[in-house]
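First chain A sits with chain B, and in the next complex the same chain sits with chain C.
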Partner chain A sequence: MDKKDIIAKIDNLHIDIKTQAGIIQAVRGVSLDFEAHKTIGLIGESGSGKSMMARTLLGLLPAGGAITSGHIYYNNTPIETYTQRQWRNLRGKEIAMIFQDPMHALNPLMTIGKQLSEAIVISQKVSWKLAKIQALDLLKKVGLEATPERYHSYPHQYSGGMRQRIAIAMALSCKPKLLICDEPTTALDVSTQAQIIELIIKLQKEYGMAILFISHDLSLVSQMADEIAIVYAGRIVEHATTKEIFLQPKHPYTWALLSAIVHFQPKNEVLYTIEGSPPLLINPPKGDLFSYRSEYALDIDFQENPPFFEVSPTHRVASWLQDPRAPSVTMPKLLQKQIQILRSQQEGNFHE
Partner chain B sequence: MNVHNIVARLLWSLGVIFIVVSTTFFLLQILPGDPVKLMMGDRVDPVTVEQVREKMGLNKPIIQQYIDFWLKLLRMDFGDSYQLKLPVIDQIQSASVVTLRLAFYSSLIAVIGGLLFGVTAAIFRGRWIDNLLMSIAVFGISTPSFWFALVLQLIFGLWLQWFPISGYQAPGAFVLPAFTLGLRYMSSLARLTRTSMLEVLSSEYLLAAKAKGVGSFRLIWLHAFGNALLPIMTFIGSSLADMMAGAILIEHVFSLPGIGRLTFDSLMSRDLPLLQATVVYLTVISVGIYLIVDFLALFIDPRLRIGGKRNVE
Partner chain C sequence: MNNTIPLLSVQNVSLSFKQSRHHQVHALKNISFSIKQGEIFGLVGESGSGKSTMGRAIARLVTPQTGSIKLETRELLCKMTSKERLDSSRDIQMIFQDPMSALNPKWTVMQMLLEPLHIHQGKLPKQEKEDTVFTMMQQVGLDPAFANRYVHEFSGGQRQRISIARALMNRPKLLICDESIAALDLSIQAQIVNLLKSLREQFNLSMIFISHDLSMVHYISDRIGVIYKGDLLEIADADTIYYHPQHDYTKSLLHAIPKITLV
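Here is the complex of A and B:
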């Protein structure tokens, strides 16, 4: 490893999920490095396997799910073979997670104080008395009043945004090295979304953890991610810095996602949508699975999966269009124009 | 939920008791068969019948009878039974002692067994232990209890001679009946608990609890169990009420003089005071149990106790 402060790493990870309908190849060869102080945005449609990648980092794959090949490293130690007991020492101590739906991520029968203190007692092995003091501190840190009244209240007494703050406090109670955010703002309204994102950015500055931020909202992720990985059908198709993704996108799927961003689109026109839907990952066909929805598909796309082509040291694309033998193809005119505008307006404005 | 609501809930319970008891009173009036004739036989002369009728107040207008009935009831005076000529309250008391003992043992088996079976099956979902426990539950639900009772009597009473097969005074007399009655409710409860538990186990807050590193014992019993219990509490309540109402078949097979048989006998002999008293007794028990269930739910679930969303950003 070079000088980068790599916290965790997944390397050519494959995850299968056994269901009654067949074996779903949920994750099909994904590699990512998680670096302290850095945020990776993981973007993909529903069912693209991004939540599986998140859960596997906590050893919490659903029933029937298993890692079939590849590795997960934490502090350079492979952890994919960990037992439940070993995982428990990692969960809530080194790696923490924030969930999608704050309305359902807290136990409705327990006071928020007790749930917070529980996390502290487990991760730091302190007494409940001490944990309470820390819990009140954490409440303040996430922007809630640190009063005994708050401590003794129940989740249903809070709005979604406040519950997500409580969930964040809980995840931070162990000062994690790696924080996984699984669409933490999807269930919130837009103004609350912005507050939660700001809170996460602020806390990352303070704690210095690596963040894996999962979302399907490219423009949201651009506000906070250093790098963006675009996921399609269980694979990363393009992975680059946020700036590169927005200004020099290379993969047709990334083009499509960018074209679908609403404020990128001219007024009074039908909104751009990507035709079709992602394939079922039970016995998927050969080749690049996006080619079935792509107007730029080449013959070879249906034969063989493209390897990664390096565009720059920080930019890799899995698309045969990058092969020297491929015909030269350019992104849609409209997107080119939008990127031009973006370049002139926002140069240097990306989160870096 | 505040004091106001609790008082309202109590008043509502009293209202239910009033309506049930009143309805029974009027329904019993249209029951076919003349209680006086049933009591005295067919060959009594009409004059004597009239005299008895008058003595029992049965010749008064029905509204008058109804008012008298309530006035007596409020003094806890249920009158004497037609058949045995004994105070009804004594008969109810001796029968309820038998039924309550049976219900107590059965409900212990049903509740402890049902919850343990259900939780265990849910934890080991799809494994052999789950299949085994659920097979037992299906057996318990689908086996007719009188048949099961006979089989138990045969094996443990006649062949092995471990427990008495009838009566209620010998030591161990309640083992077989309690097991027969308990098995049925235990089986239903086990299945419900399993379903409810599976739902909670797949909830996001449980995943979140796992993600913070909560150990499995704490996860199951502290985080999951309470939540799984909420939807099955009503079922536990109604099972208890059922058991306290007495199980006619089981009381019959094991010769237990309980409430179930008392109700049945009083119905067959048109023993109105006895019948009315058993209905009052059963109503009060059921309403009481549901009241306890409601208050327990209130105790467990803060969402019922404290109004929500007072804190909005």
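Here is the complex of A and C:
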């Protein structure tokens, strides 16, 4: 492969949010590269800072939030110091976002067609007439009927899945280079979810944008992501290709997440759960924060933050277990079995 | 002979909502099924399929036009005296998707958990009532020291534990869980499901578990019913539905579950 087509880059980003209770260190040193045609899945529990990272990419930090160190590059220019006007040129046109709840993302008092066309008129500076043609075209692309009735109806007249399709159409109206999907299917039911995922994959092939896909569902992300980054307490703990995450997971937290996939659980046994809850990020203690919930914790985990260890060129892990001096540990039995099943399934596919 | 009477039997229940003078939505069409003592019955279907309406009809939050719903031998779909209504509401309890809107934000946990006791066991001395609350909090995995806190001070999983505790205060016979874990994180979902399973054993509780997540429903239920547009398409053992589905719609639901796909 020749030179990578890197669209955006997050480099050692730290975000603090001031609240009444104290300063929350929401993001604590995250680096990610976004490449055209590639999807990165961001996985983490609620409160792990994954949505905060996404919002920062759009300059949508909450009140009291600030970048304390690190940079965001877009086309090799740092964007975190942009003025509002510069942000406006970037937001929506170059970087677009799909939110969890489409009902909150759409204006209930405006027709679908008007909302879609408005985005096109403002960003591409075309006439309303032309925008309408483009908008109808977009509706067809996301799998809705492109009829005048559809164009002139309001968000409440659509079902949840259709609304999410409209939100996607809106995000795509300016042909963004980077699309951020913040749990786009969490509010939808399973069959609609499958359709929306299929649609996003299809549109990525057509437009070739980079996608950041945020979710807490590992099996869902496996369907579309090229790489997966596992986030815990504001840091990336493991980052690798989808295959490596599922077949050679290294971090105890990744093990825990993988073990929690219900599909592989024996029916008459107690479901696997991760004990405890994620730490508060106001004055977090030293060291690897997952060690407080992990049975694999070493002494050094409580004193010093682990650096990234490279397992392969595409696989990095922040865990002291990868240090040559660390004792060797094996992953839980159930997970080993699960990986074996996945391996054999894969070989089966390979032979076909 | 008592064993042969099902705990709940639903027979030919139909329900339609009037949309306008000429338009009706048939939410439930001639549905029949029964639940044994101590059984967990899963109801799956997509949104708008009528699965929640079924649960609400059993809890008598909506009234079906025809059919009969019997709890043991007691008919629920007829005119009841207020005493009978009180009894049936004690025996059937429901927990919902969003605990934040199901719980009272202005009450402490203690107040909320005491209320069911005031209604059904009003004569109990105060001290005894409070003791019951503390034991119940322990049983659902909440620290009794939190009894004087308010809902907003708890996390999502803990809130759902509070609403489970409130539903179980008067030892109901049937618990209806309407998408009770859909709004929670994956690992918290597992905690709540484990809790429900262990409570079933402790209280010999029967449950109706309503969800669109077939893999979770398969894990928790003994039998599963699949609802589509108000029709009950298929009822079978959880394993039969999950591994050998008969109906095309069940197959498509199973197909939609996100599976790990490695390219």
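What we mean here is this: the second predicted complex is superposed on the first by the 344 of 352 C-alpha atoms of A that agree within 3 Å, B and C clash if a C-alpha of one lies under 4 Å from a C-alpha of the other, contacts with A are read in each partner's own complex, and residues count from 1 in each chain.
Following the convention adopted for this analysis, contacts are C-beta pairs under 8 Å (C-beta built on N, C-alpha and C of every residue); 3 or more make two chains touch, one makes a residue touch a chain.
Everything numeric here is computed off the predicted structure, so don't read it as measured data.
Shared-chain residue A:L247: touches chain C; no touch with chain B.
When the two structures are aligned on the shared chain, A:Q265 is found in touch with chain C, with no touch to chain B. By the touch criterion stated above, A:A21 is placed in contact with neither chain B nor chain C.
When the shared chain is aligned, chain B comes close enough to touch A:N107, but chain C does not.
Applying the stated contact rule after C-alpha superposition, one finds that A:Q223 touches chain C and leaves chain B untouched. Contacts of A:Q193 after superposition on the shared chain: chain C is touched, whereas chain B is not.
Judged by the document's definition of touching, chain A residues 159, 192 lie at the interface with chain B and also at the interface with chain C. The part of chain A that touches chain C in the complex is made up of residues 45-46, 159-160, 188-194, 197, 216-220, 222-223, 242-243, 246-247, 256-257, 260-263, 265, 267, 270-274, 277, 342, 346. Within the complex formed with chain A, the chain B residues making contact are 125-126, 203-205, 207-216, 223, 226-227, 300-303, 306-313. Against chain B, in their complex, chain A makes its touches with residues 58, 60, 63, 84, 88-93, 96-97, 99-101, 104-111, 118-119, 122-123, 150, 153-154, 156-159, 161-162, 167, 170-171, 173-174, 192, 195.
On the side of chain C, the complex with chain A involves touching residues 46-48, 155-157, 185-187, 190-191, 193-194, 197, 212-216, 218-219, 238-239, 252-253, 255-263.
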